[in-house]
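Next up: the structures, one after another.
The two complexes that follow have subunit A in common; it is paired with subunit B in the first and with subunit C in the second.
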Partner chain A sequence: MSYQIYQTDKAGLAQFYENIIGKNETYAPVLNFEKYEYKKVSKLADCNPESPIVLTMSMKPLFFPKNSAILKYKESSEGTEIIPDAEDDLAKKRVVLGVKHCDARALQVLDKVYQWDYHDEDYRKRRENTLIISTRCEKAGAHCFCTSLDYDVENSDAYDVMVVKAADGNYYLQAHTDKGDAFLKENTGKLAANDGIEKIKEQYTAFAASFALKMNYEEVSKRLNEQFDSSEFENATSNCISCNTCSFICPTCHCFKISDEKIKDKGIRYKAYDSCNSPYFTLMAGGHNPRPVKYRRWRQRAMHKFVYYKERFDVNLCVGCGKCAISCPVNIHIFDVVNQVANKA
Partner chain B sequence: MNYTKQIQEIATRLFSENKIDVFVGYRKNTYGDNQVPVLINSAEEVSKLMMDEKSSFNLTNYLKYEHTRNKRVGLIVKGCDSRALNLLITENQVKRENLYIIGICCEGVVDEKGEIAGNCTECVMPNAVVYDELLGSPQPVREYKPNAEVIELAAKSLEERAATFEEIFSNCIRCNACRHSCPMCYCAKCCIDQETSALFNGANTLPNATHALLTWSLHLAGRCVDCRNCEKACPMHLPLHLLHKQNEMVIYENFQQHLSGIEEKDPGAFYKYSLNDPDDFIM
Partner chain C sequence: MEQLLVPMLCRVEKVISETPDVNTFRLRIKDENQLQQFNWRPGQFVEFSLLGYGECTFCIASSPTRKGTFDCSIKKAGSVTADIHSLIEEGMDVGIRGPFGNWFPYDEMKGKNLLFIGGGIGLAPLRSLIQYCIDNRGDYKDITILYGARSSADLVYKEELKEWQANPSIKLVLTIDRPEDNWNDNVGVVPKILEEVVKPSIENTKVITCGPPIMIKYTLLSLDKLGFEPKNVITTLEMKMQCGLGKCGRCNIGHTYVCKDGPVFTYEQLKALPDEF
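So, the complex of A and B:
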C-alpha cells in the first residue's frame, strides 16, 4: 500500500518539526558531551534531527533505559507491602524525531524478544505510544552495513514517517505505516507531491551506492553456524579488551542484570544493562565460568547476533549500524569478525 | 613521528631470534584515523605493524590478558605508557625479564579530530623511561603544571563543582570501559563488580555511578600516568581526566612532588612512607 507523499523546503520542514515539538512530547538528538543522544526537547534549536550517524547514540534508552526500578517494597511488622509504580515518563504519548532507520529497525527486532515468552509491559507501553519520524541518511558512515542484512531498508515499516532530503534540496515526507499516514494528514498543510516517489528513489539509490561495507548475509550466517569451533574467533578478537561498550551502546543488545538495594525497611529492585562481553556475565555460584576467555564471549556475541536470534525469531539481531565499532576503543567491528570467521577456509 | 620501518625490523628480528612469543603493536585502522592495537604471534604478520603520531592507545593495558600472561612479550611504549609499565613492574604484575620494550621518544599523539591530544600538551615525560631499545631523539622534559581545567574548576563554588561532577556521573552508563582500558586496573575482581556487597550493586543510579567512579579514581590516585585510555574508551565521551588530574595535583603538592611511574622501582604515593608526608590533618 502506498501512502501520500508531501513535499516541502528547508523552512517548511523546520516549521513542521517546530509544530510537532509544540504539540507533542518530543524526543530528538541533542548534543551532549560531543555526541548526539535522544532527549526530550522543547524547541527545534535545541536538537538536530539530521545528526550525523557516526555521532548519534542509539535511541534504545527511550525504550530500555540504562537503569529502571522494577519493584519497590516496604517492610513493616504487618508484612511486606508492594509500593505501586510511579507514572512511567517514557510511556507517555510521544514523537521521536531524526531517528536513523537502523535504529528504528532495532525496535522491530527487539519486539520479538520482548513479546516472546515473557511480555514486557513497560516496553510494550513505551513502544505503542511512540511515533517514529525517521530521517534518511544522506550518506553511509564508514562503519555502516545495513543494506547487506536481511531487511528492506528502502521500504521498511520500522518507522512511521520518513523524511528524505532529495538531490534538488527539497524535503519529501512519506508515511510508511497507517499511523504515520494519519499523523502526516493532520500535521502537514502542504500540497502533495506527485513526483515525490521518483525523487525518493533517486536519493535512495545514491545512498545505497555510498556503502563501503558489503557482505553476503545468507552465506555469512550459514558459514558462521558451521564455524563454531573455528580458531578464527580468537584471531579476530585478540585485541578486544572486554570493555563492554559494544553491547551497552548497541541498539539491539538487551541483556540486563537485576540488583536489589535495601535501605532500612525500604527496598528497590533495579534492572540495568549487562554485557556478555563481561567475564562476570556467565560466572556461576561456586566459581565455574563457561566463558572464561574473551574469544568465547565474542563468539557468543557474534553467533547471537547472526545465528541464534535468526534461528529463533527469523530476524537478524544485528542491524548493521556500526555503533559498536565506533565506540570500540580498539575498533573491532562485528562486520570484520563475522566475515573473517565465515571466510576462513 | 613515524617508526613503522624500525618497528617492523625489530619485531622481525625478535621473532627470528626467538626472543618473544607475542608482539603488541599498532596496525592501520580500516575505519577511522587512529591506529588500532594488534597482537602478533609470528614474523609473517609483521607487515601489519605500524607506528606514527596516530598510535595513541596505551599498549601496556594488554599485559593483563590471557594472550600475554606468562609469555615473553615485545611491546611499544611512549613516555606515558612506559610510566605505566614501570609501575606494573614495581607492583609485580609483569616480570621485566619477560618483556622486550621498544621505547619511543614521543612528539605527542593526535586525537580522532587530528588535534594534538590533551594529555600531550601537558606531558611531563615524553621519552620512554624503561626500554631495551629507544627510537627517536629525546624530547625536552617539561616541568609539571597543574591542569588548567582543574584549576578553573577548583576556583568555583562547591555547588558549581558538585553540578559539574553530577552531570558527568549521571551520564555514565556503567559499562566500566574506563576500568577495562586502564593499564593500572588489573585486579582479578574489582570492588565495583561486587554485585552483592552492601557498598556496591549493579544498578545504575546516580549514587552508584558516583560511588563507582570516585572509588575507581581514588584507587588510581598516585598511580594514574595520564595516558587517557579511559577517555578514549568511554562511549559517552565523559571528561574523566578531571578526576585524575585533580588527584595528581593534590598528590604533587602534598607528597614531595610525586609523579607516578617516572622513577624505576618507585611505588605509588600511597605505598611509601616519608617523614615529610603531610600530617597536619591529624592534630
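So, the complex of A and C:
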C-alpha cells in the first residue's frame, strides 16, 4: 500500500472528527442502554469513535433499512393508481466514523449479492456516497473470529481510512482506498515520521494475538459441505428458539420479505428483514415446506454463510463479528455450530 | 431496488373457471410502452399481485407467439390465492412484475420429438411451450402430451384439450386417477399410463414434465426405467419465491437461486443440488 500515513495526538484526532461532523452528515457509534449502534451525530461528545466493544448493531441499516416502502397505491372507480415511493436523499454524502472492521467488511460481502444480475441501485448509491473511517480494534472481543476467515484483515480495503491508536499514545491515520487518500489529503495536516508504518504493524500484531477464537476456515468449510446429512446440525442447534434475532442483527444477512397493508381504498407495500430461521420462510401455499424442522433451517443458515455464498460469489458470508452470539438469548454462536458439525467424526 | 419491486398495472380481461379450484386470469398490461417491452419466453414466471393482499409467483401459462395478453392459471391453495379467487373480477387491475427466470430450451429442442407429461395445474407452464411448439410446428418432430388429473373435473384447459385432441399433428393422452361414469379415456396415475399406454421411445426425445411433487417423483423413476437420460428430462421447480431478482434469498437451494438459475432445470441439474426435497 503506497498511501501516506498521517500522525496526530488525542486532541488532534478530536479536532479531525469535529471537523468531519461539522461539515458532513455523520454517523458514529453511540452508546444506548449499554449497547453501541451507528447513529447520526451532531457533535463528537455524542459518540465514541473508539467504542471498546463490538457494536450491537452493524452498519447494515444505513444501507439496507429494516423496512422501506416500495409503493403506495390508491383505488378508485377508474382503476388503481400506483405511486412509487422513491427515496430522495440517496445522493447525500455521508461519513461513518469509528467503524469496526467487521462491519465494513460486511458491506463488501453484501456488494456481491446486490451487484449481480439485477443491481440494487438504492444500495449502490448509498455505498458510493458513504465514506467509511474505521478505528482498528485494540483487542478482540470474546466472540470475535474475523482473523480466522477468508480475507486479509490487516490490509483490507473495506474502509477508506483507518485510524490506529499506537502503543506510543499517538494516532496514525492511513488511507486504504483512493477515496480515503483524497479525503485525508484534504482534512489532515501532519505526515507521520518514517516509522509510522512500523507503529501500525506493531498495533496489528498485538491485536491479532488477542483472539481467543480461532479456526481453520478452509477445513471447516470443506467439512461442513461433507456433513450435509449429519445429525450434528440438530445437536448443535437444539437450544435455538427461532427468534430470528441473529439474522436481524447479522451484518450480512440480507433476506427480506414483501408485505402489503391496506386501509379502505389506500395501501402501502413494503420490504422488511426476514430470516431463513423462520418456520414460515419457505412455507408454500398448500402447506409444503422443504425446511419444516429447525435443524434444516439452521443447516441452511450455516451452509449459506460458510459454503454456498462462497461457491457463488467467492467470499464467505460470515465476517466473524460475533454479533449473533452476543444477542442470542440462548447463547448459540455460529462459530460453535460450524465447528461442532465440522469436527464431528 | 425498490423500483424493481414496483409492479406494472394489468387489466383483467377475462376470468376463466377451469376447475373447482383453478381459475385462469387473462391479463393485458395497461401502459402501451410497458406492453411493448414485455417479452417473455415459455417457462418464465411473473410476480402477480393483488394490491393490499400480497404478491405470489406464477408461471406464464400462454405462449409469447400469442401476444397482447397473457394468462396466469392460479390454484386456490393459500391465503393470497384464496383472495385472488374471491376478489378478482373482469375489468379489475392487478400488478405484475417480470418476466423472471430462465426458460425451456426451445431452440435446443428443435428437430426433436417432444414428450410433455403434466399433472393437474402442472399443465400451466407446459401449455406455454405447447402453444409455442404448435405455432412453430415445423421446427419440432412428434409431439406427445400425457396429461392426468385426480378426476375429470380437475382437468384444466378443457376447451384447449379438445382442440389438441382434434389436431392431427399432436398426440394427446388423457388420464384420471379413478374411474368415472361417462369417462371413456385412460384411468390410472400418470407414471402407470406412461409405462403402459404411451410407452415412449427414448430416440431423439426430450421430456418436459411438471406436476405435483408425488407425480414428479414417480414419473422420474418411470422415465429412468424407460431409459431416458437425466439430461433429456426437463422440469420446472416449485420453490417459494418473492423478489424474483436473486436478492431476497428465499429460493436458495445450495448456491442456486431458483428464481434466476431456474425455475427450469434438467433432471441432471436437479440431482446435483443439495438434497433438501
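The rule is short, and it goes like this: the second predicted complex is superposed on the first by the 324 of 345 C-alpha atoms of A that agree within 3 Å, B and C clash if a C-alpha of one lies under 4 Å from a C-alpha of the other, contacts with A are read in each partner's own complex, and residues count from 1 in each chain.
The working rule: a residue touches a chain if its C-beta (ideal position, glycine included) is under 8 Å from a C-beta of that chain, and two chains touch if they have at least 3 such contacts.
Quantities reported herein were computed from a predicted structural model and do not represent experimental measurements.
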Once the two structures are overlaid on subunit A, check if subunit B and subunit C clash or fit side by side. fit
Scan A:D274 for contacts with subunit B and subunit C and give back first, second, both or neither. both
Classify the contacts of A:R291 with the two partner chains as first (subunit B alone), second (subunit C alone), both, or neither. second
Check whether A:N244 is in contact with subunit B, with subunit C, with both or with neither, and answer first, second, both or neither. first
Which partner chains sit in contact with A:S259 here, subunit B, subunit C, both or neither? Use first/second/both/neither. both
With the two structures laid over each other on chain A, which partner does A:D103 touch: subunit B (first), subunit C (second), both, or neither? neither
Contacts of A:Y123 with subunit B and subunit C, given as first, second, both or neither: second
Taking the superposition as given, does A:F33 touch the first partner, subunit B, the second, subunit C, both, or neither? first
Per the contact definition in the header, classify A:D111: touching subunit B only (first), subunit C only (second), both, or neither. neither
Once the two complexes are aligned on chain A, which partner has more residues of subunit A within touching range, subunit B or subunit C? C
Could you say whether A:R312 touches subunit B, subunit C, both of them, or neither, answering first, second, both or neither? second
Closest approach of subunit C to subunit B (Cα atoms, Å): 6
So which positions on subunit A get touched by both subunit B and subunit C? 257-261, 274
Per the touch rule, the subunit C residues reaching subunit A in their complex are 1-7, 9, 11, 30, 49, 51-56, 75, 77-81, 92-93, 95, 213, 238-240, 242-243, 245-250, 252-255, 260, 274-277
Touching subunit A in the complex: which residues of subunit B? 29-32, 34, 36-39, 57, 61-62, 65-67, 171, 173-177, 180-181, 193, 195, 201-205, 229, 232-239
As the complex stands, subunit A meets subunit B at residues 32-35, 57, 66-67, 142-143, 238-239, 241-245, 248-249, 257-261, 268, 270, 272-275, 278, 280, 293-294, 325, 327, 329-331, 333, 336
Contact residues on subunit A for subunit C in the complex? 68-71, 73, 75, 79-80, 82, 84-87, 113-114, 116-118, 120-123, 228-229, 254-262, 267, 269, 271, 274, 276, 281-286, 288, 290-291, 296, 300, 303-304, 307-309, 311-312
